[in-house]
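Below is one structure; the comments refer to it alone.
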């Protein structure tokens, strides 16, 4: 089975590499810059000359940064018009609910299949093949994609027939992560204001009621002030909160915490933290208290 | 060793019962209403005629609802003036940072010891002897209290010499719980607005990055609309957020999410949910979207 | 001098009528639906067959609801390509800062002039020729437009050479109006919660420190529960707050009150107030207090 | 008629001086520090040895900073127990709704009269005898106080029989002022982010829809960065927002903007602006945008 792959950033390369190591699929990979392509070719992948060639496959995965990049690379470029008949395009990217609807339509119009399969996990998790994948689309297309998704996932969560259902779940989960970061920041600054190191609070929390991977990871990053190098950059956090707000507005749902997070991200970037990991959002809680953290 | 116990509400009775079952301590219990006292006497405790008698002990635990109740029962009543010389008063209640400072002082002035030991866990956890206890106070007093605390705890977290340090950590942890509830509510309403049941989102979240006791418990309560009977009533949630805001202000720390939570609690109570569990805070996210939940 | 006019809604018709009454200009008017055109033709205007014909003029004013409508009517339709050489297009509409930049460019590319002239005032003020106009664009184009603007304005405020400068000022002023409405709502619900009629508060406010047209108008609408018919509909309020948030993000400025207003507008619309005047935002303050208002 | 006066700070001294100039009343003044007393004695007032002596009068006005100061000076000191029989105590201070209820009761219990008469205006307005006074209390007491209040007021607003009614109106008006300051700050930072001086925005606003004393005064202070000397210090702004939040909670009214303001005040003070005028709240909007203002 030939598997196309479009987009070899930190996350995409990790996923592609896991597929390659599995040995079951022939991979045709494309990326805007050629470095990551060459690296994967050295490990056994084939280079696709353009996105259209990567879509000349049985199943093609894409992992790109945002709506307009996908629109340009896959649709405006004409690649989709040249795609292999019946190809299943599995989009791993975090996109807006509106764009998921649009992608579903433009694929259907061309007799192609679109599956939304956004993932939960940072680059190290992707490289370890332990992502959580939210998945939605036409049942036959999902069935075809499933073995591939399972190769690099800890678990695939089926969420129904409409692509956007997977996206809104992913968007909601990412919103919950951002809220957790801001909450850890505020709670940490709160105890710090009374002389208690945030790490002492986090130790209690993450070894009791909040003993989960997300809390352990992010409380650790914040306590250690380990904001660089970024696993997930600040502007991506802002983008994801924007997706939540847009999905909320489209569904008539006010999201006061998401609104607050949007301002916090804009503040973080305006304050010079744009290249840091989004866990550095916590710095704002200290800054607003006239103190500094990291 | 004689252990006094003041306050036999849902949490206090659970703790006292665990101590009693352990069989190591002679318990002298007091409660404003006599029902809970009689129940424990039937299981082997001794009834104290008043708070002062409960403070005629080696170590006395108290578990009352809030600052002014403790002030009245323990201080204004004159009980502390009659307390056994050298008694260690271990306050399990969630109190304000300012009140912790005050309690430390009024005990010291009388040659008594004060240990702050607020607990994390709901009544069922208390009854199971599996609480997490945050603990701070003079080392010799903490050492004396420790074996007792360990009897009913999963883990005791030592947080230093000043009592208020345990309280601010407890307050911060409870703030994080309230923030989690509101976030689950907003995230649930967000996906619901696109036709996805909140339970589907919660299943992904609590089996991946958010796999922790708190998320599992509260996502379950919200998904099942199991807001009654209340394990922790709405006004207590408001009280705890108020404690966080007061501690924040005292330490010069703005807490935007806590501020938002305060309004959400006031709204919930004003909307008729005052007798429900604080997980019903999530109903507000649906109500503000013109929908209803439970 | 021939003056084109595109868009004869409540605001546009008022402005066009004032120009017509002045008698100095020959008006060529276009509107998507023909009713408003016929009404103005009956008063002496000439009907333009399409937007391009309205742009075959010395100066053309447009007053349309939002960015994409203008894009479609003026640009995508090809009208701008057929515009009279050197025409000054004066856009009275409230548009985004990004769209102002774009409009400036597409006009320049065609050798045309673009002047941003968003207005402050409700339909009755427009009909009375008493609008406040914020104006920015190339000096020679502004000079040509000025006598026309002055015909229907109480005052024209020159704001510089870049079109977007007028728009960001208009957006900021509208944000301040929305903030005022929400504040009047919260303040009114606050006193109502203690038995004082909001009107009593508003009377003090608007006859002392807040004695301004905006406060008098909106406090009156709220006190009288006069939310229908709408002078400015709720979704337009949401749109304007969205413009403020977008302009803020583009300039790196967090706007916490605007974020809060966005949620309040979404809540108002989701709660069934979408057809009401944006002053009905105040109903939310009462609803969140478990009460109702109007 | 003998008029007592307790509290000669910036506001109180201005009011007392206006009464003295009127020549109709014999003034007995008291202040904790003696400087302001001596100044007024030099202008014809009589010095009261203690608060009790100032309450040995027909009508006694008080203007103190906050609830607990009044409690201490007037009640705990025993002054009220020694007050002249039937004295009307007119409290000009901005106090909490709960404290107004308490004061009403402690006066009634002693056969004395309590009138709440909080004022709107800064020290210069007080000195000019142009305050707006909100007034509530028993009709006969209000009638007795009225001529005195009118001596130093532009207008006295009668608000009913219960003292707290005047206080909640004053608290709501001050909340609206704080909201206006924050809004001016955000709007100013918004246009500044696009190269437009805030003064240009404020000029449009305060000469059109927002042409009121409050907007002119505060927009001027912000545009001129005239934050010192303070007419109304930052911590007083925080106190007043706290009063609004407490009154809101007591009446079951969520106040999202007030909550946001509370955090903004805490941030301003934590950031070193505690000695500045509360108009410096606007600095936060620029600071959060990574810029500075004044």
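Each chain carries a letter (A, B, C and D) given by its place in the written order, and its residues are counted from 1.
The working rule: contacts are C-beta pairs under 8 Å (C-beta built on N, C-alpha and C of every residue); 3 or more make two chains touch, one makes a residue touch a chain.
The structure displayed is predicted, hence computed values, not measured ones.
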* **Topological distance between subunit B and subunit D, in contact steps** => 1
* If you average the Cα atoms per chain, which one ends up farthest from subunit B? -> C
* Asked: More contacting C-beta pairs: C-D or B-C?
  -> C-D
* To do: Taking all residue numbers used at the subunit A/subunit C interface, answer same if over half belong to both copies and different if under half do.
  => same
* Averaged over CA atoms, how far is the centre of subunit C from the centre of subunit D? Could you give it in whole Å? => 37
* Structure fact -> Here the gap between subunit A and subunit C, centre to centre from mean Cα coordinates and rounded to Å, is 39
* Asked: So, what's the distance in Å between the C-alpha centres of subunit C and subunit B?
  -> 52
* To do: Hunt down the residues of subunit A that sit against at least two other chains at once, touch-wise.
  => 248, 252-256, 260, 263-264, 266-267, 270, 288-290
* Structure fact -> Within the complex, subunit D is touched by subunit A residues 256, 263, 266-267, 270-272, 288-291
* Structure fact -> Per the touch rule above, subunit B residues touching subunit A in the complex are 97, 120-121, 132, 134, 154-155, 157, 159-160, 162, 164-165, 168-169, 171-173, 175-177, 179-180, 182-184, 186-196, 200-201, 203-205, 207-215, 244, 247-248, 250-258, 260, 264, 285, 288-290
* Residue ranges of subunit B in contact with subunit D within the complex -> 245, 248-249, 252-256, 259-260, 262-264, 266-267, 269-270
